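Structure, as structure tokens:
As written, the chains take the letters A, B, C and D, and residue 1 is the first residue of each chain.
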């Protein structure tokens, strides 16, 4: 703790509500509590490789708590390892990693706070192995980072999904339609699940629970028989057309082409309309789930994460990620987080609660 | 006024925030002020043709002011004129129109309040010619009904566009991207224009102002030269790929296929990325713009429209549509509204104001 | 137009959503369209008297469209005329006015855009008489500026009132209570009227329509007889206890003391509870109505006002205020605006519409 | 589990976002999963004593997920124990308790789900001792129920506080003012703490941390010295004027009178203005924190609580309250919850995080 003098902070991967709140908490905690100088790395690892590192003062981070995005910029590219961008061939991965470490040392940094999802945190773990003292902060609207109950950004994204479902609900009802809402979630279904429960979705389809089209359409028809002439379907983008039945199998081939173009939500709306004869529409929420001001809960969680990340660094505790366990912020080894993804357990309380209030997961 | 005893009300066309507020005002004004019985026609003209008409009491419309959608249901189909749905061949258009008039008389109605956009109002005009006393109420999020300054629903839709632009703005900025936001507006650009100004869009493309891809890309690059590494483009769904230049002409052919699938927003984002090398993404707002609770302004406007429509009916003033002119609700002949569409004037104050604050319309 | 080289802009009076949007439009229009340098005066007239004037570049106003408040600061004090603040006695009003004019000249300004309500605009008119070329922009959440259909900021404030009424509605209903919501509006009732209609207020009390407590309580009881065990009352802060009846006259005296402390909303809730025996609560919205991001409509209106104000200045048109008339921004003589206030006409369409949907104004 | 046939549900105490979501989950789980009939008790314990109990079907609770308030009604009065309302003297507490039990049996109920805060849950515990099989659900925007990490309704209230702080922030900044925001929280500071951190409050005062006026004013002045001409103070309604210093002691006496009238927020704003000379204003959020649609998180939590409460009843597990511990819903003995209140620990991570980002608790 005594020897820590300069800490760097970077944000990697996709946009996520609360990034600025973490940056603010790291910088304020460093400069105010710990007498440590803070430096910002621009555009994620890209800025580390390219030596774009600048001082961040207490005033620089004043007033950014509520702002979406990240004042540091971010990048989905720029990893010092692994893959190369076109036009970067002149500099191989190893050179890039060496540049990253060299720039870190040149800037006189003693520690690096890496805010990001599984990709960013995996890179952070490898940088740690190369000698950079790392503290990770789990960020993603997908909520799939291991070893933490939740990531910041997820609550805001779930709120956006719920708000969208509320809006689309009245249209579905007025027009007696099936409305399919496609959420983010390439690998896990947290966002569709939680946003879907919050919005009162009638059918929720997530990658973790295999479904059949027959079951989905039967749930729609069953609602019709009970006097509900509309249905709300919430589906993760990561859901794939099912292969377990004849009709669907035919579809799989055509669907690959269609999925590439319009997404799984558009495909599902068309398919339900064909199979049930009920007018169906799709809404793809896309980047709307990533931006804007964070919810109160995400602002608080991000502030706590930033504070505890800096506290860990000040204690000399590296190679870890801050994490929420119950009501406590704690820290976990980065190696347990890297290359790992936390799926929805199909038997968990959330899924059971959704089923109890009448939601179908297309697996009945 | 003395002889009016029963008024019917129906909502036609796409969903629109404020429909319930109009229904409530019509029914409350009828039953409370005028001692007139109110009846609701279900699912637009479909319910008129199929004789689905039911009484609406003061209590039936209590508490619906803030609710999106329409308690009467609506339909994009069901016109008693013109086109036939598959499976309806057994009943020709003329039969349908006769059914509509017959059901109107059978229910003992003296007047019909038709709430809808240009399609619904054109049908209303023709029903009027067949002897049904009509009062129209201009509804559409597109704001393209003639002879009124504004339609209810538009303010809410514009607010939704502005909120979406706000959200996407931070992501564009953090990732140094071009973000293309596609709004509704098949024929007119009001929604992209007003939502775009409200969101501070850097480039706004509307059907009324021809644009070139060169000019759009130059606006993006010019921002880059001034240190803005991102741009926000707001585009009406009704904008078509331009045909005025060689590069674009090539694109037109491929684009027709693409437009069919992903929409003009997706096409434009890809094109800008190809032409400028700057990462670009699209967000298609779609049905999110149609549903949910109306803004305060739309609630008030819808209430006024409903009240004045009923007042016109009570005065025996038919074949008219209520309209906003300045600060006054007035009424205009339906025949001037039918088969008419109100575009944005490219020289109007709104466009000039947008240009003055730096917005490009792709026509420089 | 040729000779205009430097324009100043200031914001005076209370906070209001859209101030930054006007400043942005003035500065961008000046620097971009007209090649004119823009200067900001800090904290309203205070900054003019105290010579706190600084250049404003295109970049200075970038990104402030959506932000509440004013980057220039504002002040309710600081008028160069009329009244003196404690501690300012050494400098009399005449000195202050002379300082204002002298500082204006010293800064080399050719025109001054004054954004404010009736107070600010009246001072602007007097400064104009002292030789400063003035263009006014009508700002106030109260909507009481003469010669314009509406002021910017009002739509946002009305939306906030409607949102608050929505929230309080469920509590009133669940608890079978009377809920009194006090809005701003010291002299006029626009905000209570429009926010009240939008929120579905059962009783709306505004300064322009005299009311009796008997009538208010009877409206509450009548609702109870029709099965509504709750009522929503929206009241302008400017409403005073009525003096027209014996019970109330007694109350007037005690009420003066109470009004001083808790406001008219608190007084009314207590009085209704005493007179009807129904549990009643008050919510005073206060400054919540003044701040935060503007609605889409206010952002657009503010942008148009700012643009047209600068255009008027560039045309050499001074001693005017920009105004909305119907759908057009126009300009009106400042002298017609100064010392003037626009009340609600008790016979206007808005009031009639509210009555038609069952709202009582306490005057039945 | 086999023998459970009829379950009753009631909501007690103040309004709280999510009540309807719990009711819906209880009723849907009962009727769908468990084949149990559900009954609603009106207006909390009042309805139990007065025998106002009615069947609730699956359809009765359809569409209420997003609605604020409670379809069952609630009451702060009506406890079958303890205190008597005026006019209820003819029926003593013991009679009332006996009526409650008798009505429960008469309706053929086998279990009662009581949704409420500490008051409601304490009464539930006593009813349990009288032989009614009880499952409690912890509700309160104050978040002070023991043995659960959080109550439903709190997240929504904290979001409302944060939104209000956001709004007031711009006004404070534009006018260079101190803005005091008074939140609910008569005994505990959770709402001021979490809402205050989320809103970036500069000073947060809660009942659990003693403060001095000198320290508060010094924090305001210190901000001024660092160029911040405004401050945001968030204060729980339960905070009392401090008695630890001379100046304040004088104030305590006058303040008791003032507190009775305008609340502690108004008192504090006046006091800060007197002590620092900086213009100060207060905003009292009051009932705005209790109503309206719940956040996504509260909708999900309420749904889970309702489902697990019904599941506990179906298992024959009574005399318990459902509770959130970490990520799991569990159940705890009601006797540990009754007559208990969970305060903020002044040394907890939340308080430490707030201090690290520069928030003063007035105790420096």
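Keep this in mind: a contact is a pair of C-beta atoms (placed from the backbone, for glycine too) under 8 Å apart; a residue touches a chain by one contact, two chains touch by 3 or more.
The structure displayed is predicted, hence computed values, not measured ones.
A.B. asks: Any chains in contact with both chain A and chain D?
C.D. replies: none
A.B. asks: Measure off the straight-line distance from the CA centroid of chain B to the CA centroid of chain D, and report it in whole Å.
C.D. replies: Here the centre of chain D sits 42 Å away from the centre of chain B.
A.B. asks: Take the average of all CA coordinates in chain B, do the same for chain C, and state the distance between these two points in whole angstrom.
C.D. replies: Chain B and chain C have C-alpha centres separated by 31 Å.
A.B. asks: Roughly how far is chain C from chain D, centre to centre by C-alpha average, rounded to an integer in Å?
C.D. replies: That pair's centroid distance is 34 Å.
A.B. asks: Using the touch definition from the top, which residues of chain C touch two or more other chains?
C.D. replies: 166
A.B. asks: Would you mind giving me the full set of chain pairs in touch?
C.D. replies: Contact pairs between chains: A-B, A-D, B-C, C-D.
A.B. asks: State the interface residues of chain C toward chain B in the complex, per the touch definition above.
C.D. replies: It comes out as residues 24-25, 28-29, 32-33, 58, 63, 65-66, 149, 155, 158-159, 161-163, 166, 194-195, 197-200, 293, 295-297, 299-300, 303-304, 307-308, 310-311, 325-329, 349-350, 352-358.
A.B. asks: Under the stated contact criterion, what part of chain D meets chain C in this complex?
C.D. replies: 11, 14-15, 19, 43, 67-70, 73-76, 160, 164, 166-171, 173-176, 179, 261-262, 281-284, 286-288, 290-292
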